[in-house]
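Structures are listed in the sections that come next.
The same subunit A turns up in both complexes below, where it pairs with subunit B and then with subunit C.
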Partner chain A sequence: MIDLAAAGSAIAMLAGNPQAWIWMIPGLVIGLVFGALPGISGSMALALVLPATLYMDFLPAIIFLTSVFTGAGFGGSVPAVLMGIPGTSAAVATTFDGYPMSRQGRHNEALGAALIASCIGVMLSYAVLFVLVQPLAEVVLRMGPFEMAAIGIWGLVLLGSIGSSSLAKGLFAAAIGVLFGTVGMNTAGYIRGDMGVSWLLDGVPTIPAMVGLLAASQLFALVNTRFIVANEEDRKISLPRILAGGASVLRRPVTVLRGALIGAGIGAVPGVGASIANLISYGEARRSDPEPESFGQGNVKGVMAAEAANSSSEGGSMATMLALGIPGGGATAILLAAFAMHNVIGGPRFMDENRDVVYAIIMSNFAQAVLLVVVGTAFVFVASSVVRMPLRYLIPCVLVISTMGAFAIEGSHAGPLTLCVFAVLGWLMARNGYPVAAIVVGLLLGKLIETEMLRAWQMAGGEWGEFLNHPAALVIGALMAVSLIWSAWRDWRRARARRVAASAAS
Partner chain B sequence: MLKNKTGVSRRLLLGAAGAATLAAPATLRAQAYPSRPISLLVPFATGGYNDRLARAFAPFLSRQLGQPVTVVNRPGGGGMLGHTFALQQPMDGYTLMITSAGPYIPLTILTRNARFAVEDFWMVNLPSRDSTLMATSRDKPFQSVTDVLDALKRDPRSLVVGVQPASADLVNLTLLFRAHDIDVSRVRTVTYDGGGPARNATAGGVIDVGFVGGEGFLPLADRIRPLLTFSDERAEGFPDTPTIMEHAQQAGFQGEYLDGSQRGLVIPTRLKDEQPAIYARILEATEAATKDPECVSTLQGQQLATRWYGPEASNRAYLEGASLMQRFADILRGGA
Partner chain C sequence: MSETDRHGRPAPLRFSWRRVAWGELAVITALAAAALNYLIEARGVSLNPGNLLLLQPTIWLALALWAVLAWGCLRPPPAAAPPESWTDFGRTAAMVLAFVLFILVLEEVGYDIAIWGFVVVALFIGGERRWPWLLLFPPVFTWAVVEAFGWLIPYPFPTSIV
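Right after this comes the complex of A and B.
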């Protein structure tokens, strides 16, 4: 499946072209900065730098853009870890354990682990792409509504009651999120819950709502605190500790590998992408861990799983784009536009005729992942100084930047308004002990599940038995059931062992 | 506050200057047009056909107008938000649009109670005309439109078709099935909220037959088998695919169809009526840019349409499409 001659000429192409290299670091830095600003997504960063690539050659232009893409993939995690506010919707699950780690003064380790997990995620996903670009794209194209609905439900089952001590409160919050996710026009053209407001036709603006919910619940909880990290000793920014955090990733190969594979697979599905991959990978890591209750309390494995998946979905989405010419999301749509600006049409023909260029893009992404270790460490080092900033300055700044980001992403007042409404909701929920994270999970997954289940129902023509004709969906469903039963059995056994131990002790 | 020597405040001066501008005859202002950058509004997301067309066309329009032309995306509500926004801008010629006027303007009026009328928009030039394409995956056994129709006649539930709700494609599907006495309500119809997902599902064989705009299928042409074009002439990209008119003649019924997307440069009608001089400048610049040989070759290289039809033909096509949609409003409003 690897065309060695093309791989050779790809190496020659990269080696003989300094232009292909000089844009990598600026691209990574631009991506990191934009990704880190709450509300400003990687695709917006790409759209902003797109005109600059008109004056470059094709290969340097694409390398520059994929560098921005790679940088933004990690940039979103920095505020997620430091402040509990994801910079992009792909970093929601990173907040679950990253932010508790920061509050405990382990921000250095958390960021180091996030960075290295991201770099490994990028590298693994492009390695998958290098070997399997065509078959991966084929599989993805055949994914129908039954399979997609099964994936969405899996995510909701894993994460539905996240971050809550009470199952009822968790389910209630997740249900509210799912309901918000159904506002607007559904895939069959029916409009619900828009209250006559025309900008709600396309649904509640997800990113402003998410930032509002998380920012309000995290920041208002800090009102009487002076710093994010309570202990002054721990407020240090320490390179050795960042590196130690990174090194800890290498000791958990299974967590990272599983995250990267989930990311590459789910990221490749058009229209799903990094945010869903990020949630599902986190949920899987939590479910399969011997101590699931340690997740959400600052378990570094949660950060690794979440970050490996959102970074590796970049490679996955590149597979669909390169092999089929289909944009999986905003970022790859802009990459395709960049192709078009250089009079290159992405798709199967481009793959066949320019295999060397495709390999050069993939190889350059390996180099980007390595460079990201260096550039990212420097960026993390600088960005960590927010833990030393008194919160009375930090909170207003973050709120202003989030509001501006919400305006930028929607291009109208709909963004800031959504942010404010959901901030109030988030504050109310957090105050009364409802898990805000579960609303966000419901919001992100609700739309996907509703759309795909509706299509599955249409495809079945209303007959329940139809799902038996979709073996892939059955396999996903069976895996889900087995893993849940296994977890339940394990919990039950552990509980019984504890009871036995307790009664023996007494 | 800063005061100048005569004691007149800056605000007063500015106000006076503004009043003078307003009081000046329209022709005087038109000579100055354009004196600042122009926004080219796209009411759809980045990466779609309109966005690509706008970004490719902008530099050539800018060359003609002598001012930068920047593309601004304002997606949402099937173009409704962007179209409403364009009508709310000052009628000074600094906001132009590249959009799928047909079918989205009449469609949002008919199905989403948009608060504008078909006549509120004036077509400067609509070079891109897309038609519904009926297609199947290469892996499916159907070789022609008759294969599909025969299967559906035997059992309307035997196949799964995919379409966008409330679209020209849905009208064309309904008209074709009605002509063959196939009960549309019994056919298993899967709805997609966008052309891209519907095309992916067709190419991947997730659905048996898809009815979607044909131009977007070009990058996937190797994976699909085109069956029927809903137009009176064969599509450029699919020259071997019969048209609905040819099919209707063979099958012995009166062929009817609805045009797909009609895309190009659009302005508010009020701008044309209130500022004839500015309109003349826009018209002239658009024509010159469209005919610029460099523009033609650039756009063709990106598989984007470049023909000059002019306002007369463009508005006729647009209004015809709108009145046909009015006729089929019941199908469009029926949802899926």
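Right after this comes the complex of A and C.
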């Protein structure tokens, strides 16, 4: 599976090319800063720096761009942990436990854990890519609408009741989110729910809606609070505590490994990527934990699972891009554009003829992951000063920056308007105990599930029995059913044990 | 302390108009009404499964859940936390209102004036009363944001001064 001659050539290529190394740290810093700005995605950062790579050689240019990609992957988790605002859709699940940890004064540990989980996620996914780049890409090509719909429903089922005191509230919020996700023109060409607004034909703008829902429910709820962290002692920014948070990741290898594998697998599927991988990884970590009720309350394992998955999905999406020439999302599309700028066409032929270059790109990403530990720690150290800023200043500043980010994403007033509508909705829902995160998950997965269900329906000619002819979808469905039954059985046993203990005590 | 029946079990909650969770009921009813309206509109577009495959069952589920939740709003359990004071609620509502107004006037007055105005008002709502800060921070922040995003964003946004 590994072409040793090409690997040796890749090492020689990197060792003899100082230009390939000097752009790595600037790339990581640019990615971290852009990823940390709410609404400004890694794709936008890549688009902005793309012209600068025109006069670089091919390999340094791609390494610079993948450094930005890697930095942005972790950058999004910094506002997610500190303010409950995901910098990118890939960091949504990081807010579920990262932000409660910050409110408890454990922001140092949360950021340290997020950083190390991200670095390990990147390394593991590129290790998988190094060994399995071709077979992984071939598996991805076999994923059809039945399998994709099953993955989408799996994510929704796992996360339908996030952070809610009642299952009905969680499901209601998730259903409303799914309905928002179906607004506009669907793949069959039907236009619904657009209210005559032209920009809603493409659906509700996801990033502004997500920032509005999550930012508002947090920021408006904090208007009567002075600081994010109530206790002054806990506001300290402590390098030993950041490192301790990072070290805690090493004590939970299963959580990180599972997250990295989920991320690499789902990240490889075009059009799905990090935004769903982090949700499914979080849901799986919560489901399989002996104390699932501690998730959403500040369980560091939730941060690790989400971060390992969203970072490892980078390697997965690179596999599809390198082996098949298919971009999995905006960032890999820009990387393909960078290939084209240098007269290189990604895909199977590029893989066959330039395996040493592919290996050099993969190896440089190992180095980026190691450098990210150092650069990311310094970044976290500076960014953590947010918790010392009085909220009366932080709230208007973040709301304004989010508004500008929403404008930047949409290029029109549609972004700020969407942000505002969902900000008010998020505030109202959160005030009444409804899990805003479930609406976000519904919104993210609603469109995907509808699109894939429609394709499956059309391919099957309206016969649902056709599902039985898709073994991968059956396996995903069976895994979903087994995990749900197992969780229900475990909850029932736990409740029975509590009843027995209570009756014995009385 | 919660009431108990003659066997010592928690007594069923009695209905009282004053105990109804009116705010929550209004929010979920508005959402359920919007969902029902969405269903009627979508069915008006087409009854083809290509249009209603996911949408219709999701709306039926949302309406069924609304019935369950609305029943719960009529008989809410005793609140675990003390209710929010009217002053605190007023301050939060004022911030929400200021944000809505900020978004609505962005295109009318220009992003710079709107940002400056929103930051002044939000600082005041947040409790800032030091006039030097109220005078200096908003224009400096506005200038920094407009300049930074002007550099980042490839398309123009309307401004009046900066």
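As a convention for this text, the second predicted complex is superposed on the first by the 506 of 506 C-alpha atoms of A that agree within 3 Å, B and C clash if a C-alpha of one lies under 4 Å from a C-alpha of the other, contacts with A are read in each partner's own complex, and residues count from 1 in each chain.
Following the convention adopted for this analysis, a contact is a pair of C-beta atoms (placed from the backbone, for glycine too) under 8 Å apart; a residue touches a chain by one contact, two chains touch by 3 or more.
None of the values given here were measured: they were computed from a predicted structure.
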Following the superposition defined at the top, how do subunit B and subunit C come out on subunit A, clash or fit? fit
Which holds for A:R192: it touches subunit B only (first), subunit C only (second), both, or neither? second
One more residue to check, A:G330. First (subunit B), second (subunit C), both or neither? first
With subunit A at the apex, figure out the C-alpha centre angle toward subunit B and subunit C and round it to a multiple of 10 degrees. 90
With the two structures laid over each other on chain A, which partner does A:G411 touch: subunit B (first), subunit C (second), both, or neither? both
Identify which of subunit B and subunit C touches the larger number of residues of subunit A. C
Is A:F74 touching anything from subunit B or subunit C once the two structures are fitted on A? First, second, both or neither. neither
May I ask you to decide whether A:R392 touches subunit B, subunit C, both, or neither, giving the answer as first, second, both or neither? second
One more residue to check, A:F227. First (subunit B), second (subunit C), both or neither? neither
Would you sort A:N343 into first (subunit B), second (subunit C), both or neither based on which partner it touches? first
Given the touch rule stated above, what does A:Y99 touch, subunit B (first), subunit C (second), both, or neither? neither
In Å, how small is the closest CA gap from subunit B to subunit C once the two complexes are overlaid? 7
Following superposition on chain A, which residues of subunit A contact subunit B and also contact subunit C? 186, 188-191, 411, 454, 458
Quick one: which bits of subunit C touch subunit A in the complex? Just the residue numbers, please. 21, 23-24, 27-28, 31, 35, 38, 41-42, 45-46, 48-51, 53-55, 58-59, 61-62, 65-66, 68-69, 72, 88, 91-92, 95-96, 99-100, 102-104, 106-107, 111, 115, 118-119, 122-123, 125-128, 137, 141, 145, 149, 152-153, 155, 157
Within the complex, which stretch of subunit A touches subunit C? 40, 44, 48, 166, 168-169, 171-172, 175-176, 178-179, 182, 186, 188-193, 220-221, 223-224, 390-393, 395-397, 399-401, 403-404, 407-408, 411, 413, 416-417, 419-420, 423-424, 427-429, 431-433, 446, 449-450, 453-454, 457-458, 462
Sites on subunit A touched by subunit B in the complex: 43, 47, 141-145, 185-191, 198-199, 201-202, 270-271, 324-327, 330, 333-334, 336-337, 340-341, 343, 345-349, 411-412, 451, 454-455, 458-461
Would you mind writing out the residues of subunit B in touch with subunit A in their complex? 45-48, 51-52, 55-56, 72-78, 80-81, 84, 111-112, 157, 160, 165-166, 188-193, 196-197, 200-201, 203-207, 219-220, 222-223, 298, 301-303, 335-336
